[in-house]
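First chain A sits with chain B, and in the next complex the same chain sits with chain C.
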Partner chain A sequence: MLNFSDLLPYTDMFLGGLLTTLELTVLTTVLGILVGTTCAAIRQYGSVGSKRAVAAYVELIRNTPFIVQLFFIFFGLPSIGLMLTPWQASIIALTINLGAYSTEIIRAGLSNIPKGQWEAAKVLGLNFRQTLIRVIFTPAFEKIYPALTSQCIIVMLGSAVLSQISVEDLTYAANLVQSRNFRAFESYVVTALMYLGLAMFMRYVFTLIGKRVFAFREAQ
Partner chain B sequence: MIEFSNWDILRNLLIATQWTVLLSIAAFAGGTAVALVLTAMRLTRNVAMMRIVKVYVELFQGTPLLMQMFLCFFGLSMVGYEISAWGAAILSLTLFTSAFLVEIWRGCIDTLPKGQWEASRVLGLNFLQTLRHVILPQATKVAFAPTVGFSVQVVKGTALASVIGFVELTKAGTMLNNATFEPFKVFAFVALIYFALCYPLSLCSKYLEKKYHVAR
Partner chain C sequence: MKALKQLLGKTLLATACLGTAVSAMADVLSDIKARDEIRIAVPQDFPPFGSVGADLKPQGIDVDMAHYIADQLGVDLTIVPVTSANRIPYLQTNKVDLVISSLGKNPEREKAIDFSTPYAPFFLGVFGDQSVAVGALQDLSGKTVGVTRGSVEDLELEKNAPSDVTIQRFEDNNTTLTAYLSGQVNLIATGNLVATEIAKRKPARAPEAKFMLKDSPCYIGMAKGEAALQSEVNAIIAKALAEGKLNDISVKWLKAPLPKGFGA
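And now, the complex of A and B:
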């Protein structure tokens, strides 16, 4: 009854979708972590007002579904004059989403760094930038790296929703294929497995990057 | 054309919210039940059982919830099992919830020192007695906060049921948007209602975390 060979003519479609998903993931992972790092630094070291603003952003995003955020950005914002293509809306929505979650995660790492580290770095004659990157952020990131990895994978999986605003990602390809050959089960099983492979691949890449970035530990 | 006042929009959204709440509760209950079985399987320390749980978790944590929903809804009916959108939503959310809960609980049980199992053994308690009198009372305390925290993910997960046509809060939002052409207002309302559902749960989880963290 199951017939996977019917999917073969659509290989290009699946691969194209996979590539789009991968592209979006790479781009928004970088952007999202940048937003998260900035917001976490504000949340930890900023003024009272800016801390509150970041907290509000984080809570608002963490307590609403991604699909609603996406619809709000894609359908809602044009009505106040901000027209966005599906691609732009996707990148904004994914970045905002990952930004909020990674803020919470990175902040947890930062709050674990003892105050004495700042003082010690000052005594050793490191300037502000050196202290921030080498003494504060690197060890903080090392602590929370596994949690951050998982969150990036969760956001990648969440990107399946983007097919709803007609971004031609992997899920979009699956929907298109099953509407053409009526092999819904096969199409979705294959797509689910592709997502699983992508998730495993991401974990692998993150581990590789982590080994390089945090290599100083092993050198000791 | 019918005019929709703000109150009309909000009222219709609130009616749909009932389904979101109901779906969340059903999925959370189902997920808890399945996760309990899986946790029990893991605790038997049987290699085959543990491997099954591991594959299960990997499978449902590593694939998008949306894909699981499509598989349950379109996929199952294609291979001969007729299933409603409501049934497919509950089924897929149950699978998703249980895969995450079993991992959360694993962490909670593993934080207990191994010596407790050994000590219980020495005291002559059997497996079930150890579980009931030694492990579970401690593990449940630790597990409470993250479990409540995860319930937020379940509520948010129900929003995806809109994609397979189940009329809950998000679907009602898109339908009202199509009727009113006021996406900004409608989706802001929708987001606020989700926030009103989820934020108390988040706060509750934070409170529990503090409470039990201090107690330990």
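And now, the complex of A and C:
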């Protein structure tokens, strides 16, 4: 009944899709965490007005479905003259989405840093930048690192929706292949395994990065 | 024995009579004229070909065509609503004289019934904004075309389009339609009915038919071997084409003129 050999002619398509998903994920993970870190810092240490702006952004994104955000950017924005390619729309949608979720995660880490740590850094003569990076953000990130890793993987899996706006990612490949050879089960099994592999790979890479960044822990 | 012979003779006579009756009925055109009535099967569940209007009367391309044919023959029209499943049995059991029900022609169907010349356009094609100059497949080179993934037009495009065409595939007809309406794509490959739908929703962006990918126009169906009826119906269709009636019907219901070379 099952016939995986029918998928062989489409190997390039699956690999191309996998590569696209990987590229999108790497790019948006970096951008999303940057947005998240900035917004978390603003929400923790910023002025009242900027705090409110960030809170509005976070609540708006966290309380609406990703596909609606994506359609709004891709199909909605052209009506005010902003035309984006499927690729650009995807990067923006994923970044905004991960940014909002990671803002809350990173803020949790920041609020966990005792005030005494700022004071200690000041006493030691560290400047603001040094204090922020070494004394505040590094330990804050260490605390929330597993949660952040999971969120990035969730966004990677959520990127499956991008096939709706004709981004040729892994899900797009699966849909196209099964529409061509009617081997739906086989092509989704292969796709699911590829997503699983990708998720495990991401967790592995995050662990490696974590070991480097939080090396001070092991030195203790 | 004599009684048996008589019975046999009566049976034969009856059979002969029945035979004459059948052969008399076989010329459907004279029957229509004698009856002063033509019975035409039309769909009522398939707009814009046939549906029930706000006044509860059948309306659509097929209904307009049925009225036109009855007018041209100078007989009364009886509309018989059918579905796509029972339209051919109605014809084969002589419950109707003609079937005007967006019938497509293929060799298998031609074994069962006869067809007229085409009366309405039904095709898959590439449609687009008036500003895009495209007239044939090779003109698509370097352009982007939106299409619904897995559809017949998707397969046609992939098979025949130049290799440097960007084909953007969307989930379903509605998303493809939205992609065109929002301006994300300026060319789409789809059926002419979907293009009609766009023209209805947003007349300002009504897509123009650029060229056909696959043509499958609609024909009028009739019982097999009715040469007189067939040539009469063909003559009426030819007249309707010549005097612009077919084009009027197309513009009225499909919001687009007949494609170039229709009926040729």
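The rule is simple: the second predicted complex is superposed on the first by the 220 of 220 C-alpha atoms of A that agree within 3 Å, B and C clash if a C-alpha of one lies under 4 Å from a C-alpha of the other, contacts with A are read in each partner's own complex, and residues count from 1 in each chain.
As a convention for this text, a residue touches a chain if its C-beta (ideal position, glycine included) is under 8 Å from a C-beta of that chain, and two chains touch if they have at least 3 such contacts.
Because the structure is predicted, anything quoted here is derived from the model rather than measured.
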item	value
Chain B versus chain C as contact partner of A:Leu176, first or second or both or neither	second
Partner chain(s) touched by A:Gln164 [first = chain B, second = chain C, both, neither]	both
Chain B versus chain C as contact partner of A:Phe141, first or second or both or neither	neither
Touching partner for A:Ile80 - first (chain B), second (chain C), both, neither	first
Which of chain B and chain C A:Leu2 touches, first, second, both or neither	first
Dominant contact partner of chain A by residue count, chain C or chain B	B
Shared contact residues on chain A - chain B and chain C	75-76, 78-79, 163-164, 175
Contact set on chain C toward chain A in their complex	146, 149-150, 154-155, 168-171, 175, 178-179, 182-184
Touching residues on chain A, where the partner in the complex is chain C	74-76, 78-79, 83, 86, 163-166, 172, 175-176, 179-180
Chain A partner contacts - residues on chain B that touch it in the complex	58-59, 62-68, 70-71, 74-80, 152, 156-160, 162-163, 170, 173-174, 177, 182-184, 186-188, 190-191, 194-195, 198-199, 202
List of chain A residues in touch with chain B within their complex	1-2, 59-60, 62-69, 71-72, 75-80, 153, 157-161, 163-164, 171, 174-175, 178, 182-185, 188-189, 191-193, 195-196, 199-200
